[in-house]
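Order of writing sets the labels: A, B, C and D. Residues in every chain begin at 1.
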Amino acid sequence: MKKLINNPEEVVKEMVTGLLYAYPTYLKKLDNVDVVVRKTSPVEGKVGLVSGGGSGHEPAHAGYVGKGMLDAACLGAVFTSPTPDQIYEAIKAVDGGKGVLLIIKNYTGDVMNFEMAKEMAEMDGIKVSEVIVNDDVAVENSTYTQGRRGIAGTVFVHKIAGAKAEEGAELEEVKEVAEKVIKNLRSMGMAFTPCTVPAAGKPSFTLDEDEIEIGIGIHGEPGTHREKIKSAKEIVAELMDKIVADLPFNDADEVALMVNGLGATPLSELFIANKEVNEYLVGKNINVYKTFVGEYMTSLEMSGFSITLLKLDEELKALLDASADTPAFKQL
Amino acid sequence: MMILMLTKSDVTNILDVIIKIIEDNRQYLTDLDAAIGDADHGINLDRGFKAVRDKMTQFLDKDIGTILKNVGMVLVSTVGGASGPLYGTFFMRMGNAVSGKSVLDENDIVAMFEAGLSGIKERGKAQFGDKTMIDAMEPALNELKKALSEGRNLKEAIGAAANAAYNGVLMTKDIAAKKGRASYLGERSIGHQDPGATSAYLMIKTVADYVDKLQQ
Amino acid sequence: MKKLINNPEEVVKEMVTGLLYAYPTYLKKLDNVDVVVRKTSPVEGKVGLVSGGGSGHEPAHAGYVGKGMLDAACLGAVFTSPTPDQIYEAIKAVDGGKGVLLIIKNYTGDVMNFEMAKEMAEMDGIKVSEVIVNDDVAVENSTYTQGRRGIAGTVFVHKIAGAKAEEGAELEEVKEVAEKVIKNLRSMGMAFTPCTVPAAGKPSFTLDEDEIEIGIGIHGEPGTHREKIKSAKEIVAELMDKIVADLPFNDADEVALMVNGLGATPLSELFIANKEVNEYLVGKNINVYKTFVGEYMTSLEMSGFSITLLKLDEELKALLDASADTPAFKQL
Amino acid sequence: MMILMLTKSDVTNILDVIIKIIEDNRQYLTDLDAAIGDADHGINLDRGFKAVRDKMTQFLDKDIGTILKNVGMVLVSTVGGASGPLYGTFFMRMGNAVSGKSVLDENDIVAMFEAGLSGIKERGKAQFGDKTMIDAMEPALNELKKALSEGRNLKEAIGAAANAAYNGVLMTKDIAAKKGRASYLGERSIGHQDPGATSAYLMIKTVADYVDKLQQ
C-alpha cells in the first residue's frame, strides 16, 4: 500500500485539517466531531441541508458544502457511515429555523445512523425530514433487498435541493424537489482496479490484468459480475442499456449527464466515455441539457467510472442552472 | 444446589475479553467483509471497542445496566456503518433490561439477550436467514432458552448457545444476503461467511468461555 | 494496460470530441487541427492567450480555455508537444487585433514547435510574444541544460495573464505580468507509481512496492532519484525544503499554494499533503493567501502530486482573485 | 570510371525503406525513450513517417528538392515533440540544398547532409556530445567527407558514415544528456542510449544499405 498519508488511523482527521486550511472562507468544523459546515452556518430563514457518508468519496461530501448546495457534511471513517452524534450535531448547527433535510444514500448503515440522529434532533424540537438516494441500477430491485444503493447521482440531489433551499423554500418543498430528482435519477458504474482502505492495508478485491468489474459500488465492494476488458464504446453501451431502460428514458427527453471518475481514471478517458455516452444518447434521441465530467464521487484510488442520467423538467433545469459556490462545485 | 450468578466484575471482565478478542480478530473480520462488503467490519468494531476501553473508567462505578447502556452509547458514536447502530442498540437494550442491577441471574441473562436481539431486529428490520448477525444471535438465544428450560445449568446452556451461534455462522456461508451491504451482491454473496454473524459469535463464545471457567 | 479507451491511436481525437460534447457553450474546435478555442473567439480588443502541450495532462490545457484564462489550447499527442501548424492556426483564430501571447512550458520540443509557429504567424503580420514557464525546482539549473521544466505552476500563469488580458491590457503588459508570475513561481513533484502512454502500452518505468520517485516530471519521465516510501509529512518536507530555498521565500511573504494531484492520488490524500504544507509554511512564517487543491495538471493515471508556491504582490493577488469561467477553473 | 548518382526513384525508394524501418523500430525507439525521456520517440516518428507515406503521392511528381522539403513539412506537422521540428528541419534543409534537382551526385549528397545537420543545430542549439541525434549525424557527415576526400567511392564512403553513426550511438551511452528531455535526468541518463541518435543511425544505415545494393 503506497499512500500519501501519515497514519492509516488518522486519515480522516488529517484530511479535515487540510480541507480547512484550503477553504477557510467556505468552511468551518464543528468542535469534537468530524462535521464540516458553511462558514456562515446557520443560515437564517433557509432550510438546512445535511448529507455525508463514509470518507473516501472526496470531493463528496464536504466539497459540496457552500452556497447553493449543502450546509453540512458529516464525515465517517473511510467507507463507514458517520455516527448519530455527528449527524445530530450537524443538524443543530445548520438549523436556521426552517428545519433540516437529510440527504442519505441508501445503505443500511447510513440510513440507521441518520435516522437515529433525526430522532435525537426531533426530541430537541427541530423539524427534520429525510430523503434516501438510490440511483444505482446495477442491483436489481427486489422485495428481498433493501432497495438500491445511492451513488454519484447524489450530487444532483445536493445541487438541486440546495438551489431550492437557497431560494427560501419551505422544508416540505425542498424535500419534494429532492424526491423528484431521486425519482428521475439513474446511475451505474464499473471498475478496472480495486481500491485499498488505508486501515485495511490491502485491496478489497483483486482483478486480473484483463478483467473488469461491472456494477461496482463506491465502497470497494464487488459489483454484479466480471467480464473481460472491452472497448470504451462497449462498456458504455452495457451501462447505458441498463440505465436507459430503467426509468425508462424516452424519445426527446432532456437529461443532465454526469460521467464520474472513481479516482484513478484520467480525465481524458472520462471524455472518451463522454463521447460514447453522447453518441449512444443521440441514437436514442435523448437530449443532453447539461454535462458534468470529472471526479464528483470517488472511491479512493479506484480506476473506473460511473454514468448518471437525470431526467429534467423545467423546474429541475432552472434549479440545476442556479449558481453555486462550494469548494468542489462552482457555477457562475 | 449452587446457582451461578454474574457479578458486575464478571461483566466488566467479559467486556475486557471481548475488547481483546475483537482486536485480535480485526483483520479476520475485515477480510470477511472485503469479500462481500466494504472491508471495514473489523476496523469498525475495533475502533468502537477501543473507545469503550478508553471510556470505561467513566462509568465503571455504575450498576451493570448503566455500564451496558454506556457501552452501547460509545459503540453508537464510534463504530459507524451498519454494525455501529446495531451493536450499539444491542448493548443499550441489554442495559435497559437489567437496569440498576449489580448481579445477574439466569433470567436476567435471558431477558437482556432477548431485549438486545429485538433491538437489533427493530433497528435493522432483518430476520433470521438474511445473512446477518441475527443468524448467529437468534439460534444462540433459542438454544439458551431451550437448555435452561430443560434444566441444564447456565454453564452448559451458554456453551450450547455458543455452539448454536457457530452453526449459525456456518449457515451464513450457504445463503444469499438479503440485508446489509452484501445483499447488493445477490447470489454472489453465497459461499462467503457473514462478518457480522462472525463477530456476534465471537462475543457469545467469549461469554461462554468465561462462564465455563467460573467456580460454581 | 487497462484503459477506458477504444483505440490507443485515437485517444486525443476522441477525447476532444468528448470535451466538445461536454462544454458546447464554452468551447469550439478549429477545423482539421486539434486546437480548442473559446466559443466566442476571437475576442476583439483583447490579447489572445495560447497555450498547450502534449495531451495526458487533463484538465490542462483545454480545461482552462474560457473567460479570464486562455483563448486557445493546442493539444499534442499524449506527452508530445503540438506541431507548429496547430499552434499557427490557434494564433490566427484568437488574434483579436491586440496580438497573441504564447505560454510555453520549457521543453525542447514545446519551445521549438511554438517558436516555429510564432515565426509563421509573424510573417502574416500578427504580433506574437512568448513566455516560457520553468517552475520545476527538481532539476538543478546549470549552463549545460536548457533550464528547468514547466509543470503545474503553469496554471497560475494562465490564470493571472488571463485576468490581465481580460482587463484589456496590451500584449507587452500581459507578457510582463506573466513573466512576473514565472519569476515568482516554484514547484516540485513526486510519484508513487508510473503511468502508461496508451500508444506505448506499458508503464514508462517501474517502482517497487516500497519505492517512490522524487522530482518527477509530468510526462512519465523519471525524476531525480528514488527513495523508500515515507510519511506524507516527510515527503512534503523534502519537496518544500527545495521549493522554499530556491526563490527564496522569506518571512511574511504571501503565497498562492497549489497541491496538484498527478492522476490517481485521491483528493483525501492531497488534503493530508495540504495540511503538511500549511504546517510547514507556518513554521517558516510564510502566509498562504489562497489555496488550490486538486488535479490541475496531471500525468495520465500516475499516482503522486506536486506542490507549487507563487510569491504574491498586490497586483498578482488582484489578478488571481479575478473571476474566471472555464470548464476546469471557475471562480466567482 | 563509373560515377554513382542517386536518381529521384532512388530517393523515394530510400524514403519507403526508412518509413518501414521506423515502423519496425517503433517499439525499440520508444523503449529507449522510456528510460531517459517520455516514451514516445518511436511513436512520434512512426506517426510522422506514416503521414509521409500517406501524402507522398501528392508530391511524387516533383523534383528531389521539393520532395524532401515536403517530407520535412509533413514531419513538422505530424511528429511533434523535439524530434518533429528537428527532423522536419533536417529534411526541409536537405530539400533546399538540392532544389530543382532530379539526380544527386556526391557533392549534392554532402551538401544536403551538411545543410540538414546545420538546420538541426540551429533549431535545437545542441552540439556534438550533448547526447542527441547530432552524436550520430555529425560523425557520419565527417566520415563521409573524409572518405570521399581520400578518394573512396560513394558506396564505401556512405558505409563508413553509417559505421561512424553507429559509434556515435554507442558513445551516447557513456555520456550525460545536456539537451532535450533526458538532460533533466542529469547523471542518471548515463548508461542509456539516446533514442534520437538511434533513429538517426537507422536512417543513415538505410541509405548505406540501399546504396550498397545499387549496380555501379
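Following the convention adopted for this analysis, a residue touches a chain if its C-beta (ideal position, glycine included) is under 8 Å from a C-beta of that chain, and two chains touch if they have at least 3 such contacts.
Going by UniProt, the chains are A, B, C, D = phosphoenolpyruvate--glycerone phosphotransferase.
The structure presented is a predicted model; accordingly, all values stated were derived computationally and were not measured.
Most remote chain with respect to chain C, judged by CA-atom centres, is B. Distance between chain B and chain C, defined via averaged C-alpha coordinates, is recorded as 55 Å. Separation between the centroids of chain A and chain B, computed from CA atoms only, is 33 Å. Annotation: 77 Å between the Cα-based centres of chain B and chain D. Chain A has no residue in contact with two or more other chains.
In chain B, no residue touches at least two other chains.
Taken as a contact graph, with one node per protein chain and an edge wherever two chains touch, the assembly forms an open path, each chain linked only to its neighbours along a line. Interface of chain C with chain D (complex): residues 54, 76-86, 107-109, 112-113, 116, 138-140, 144-146, 149, 197, 199-200, 204-205, 217, 219-222, 224-225.
In the complex of the two chains, the chain B residues touching chain A come out as 30, 34-40, 43-44, 47, 76-86, 123-125, 178-181, 183-186, 188.
Contacts from chain C toward chain A in the complex involve residues 2-7, 11, 14-19, 21-23, 55-56, 58-59, 63, 192-193, 209-210, 212, 229, 231-233, 235, 259, 263-276, 278, 288, 291-293, 295, 298, 300-301, 303, 305, 323, 325, 330-332.
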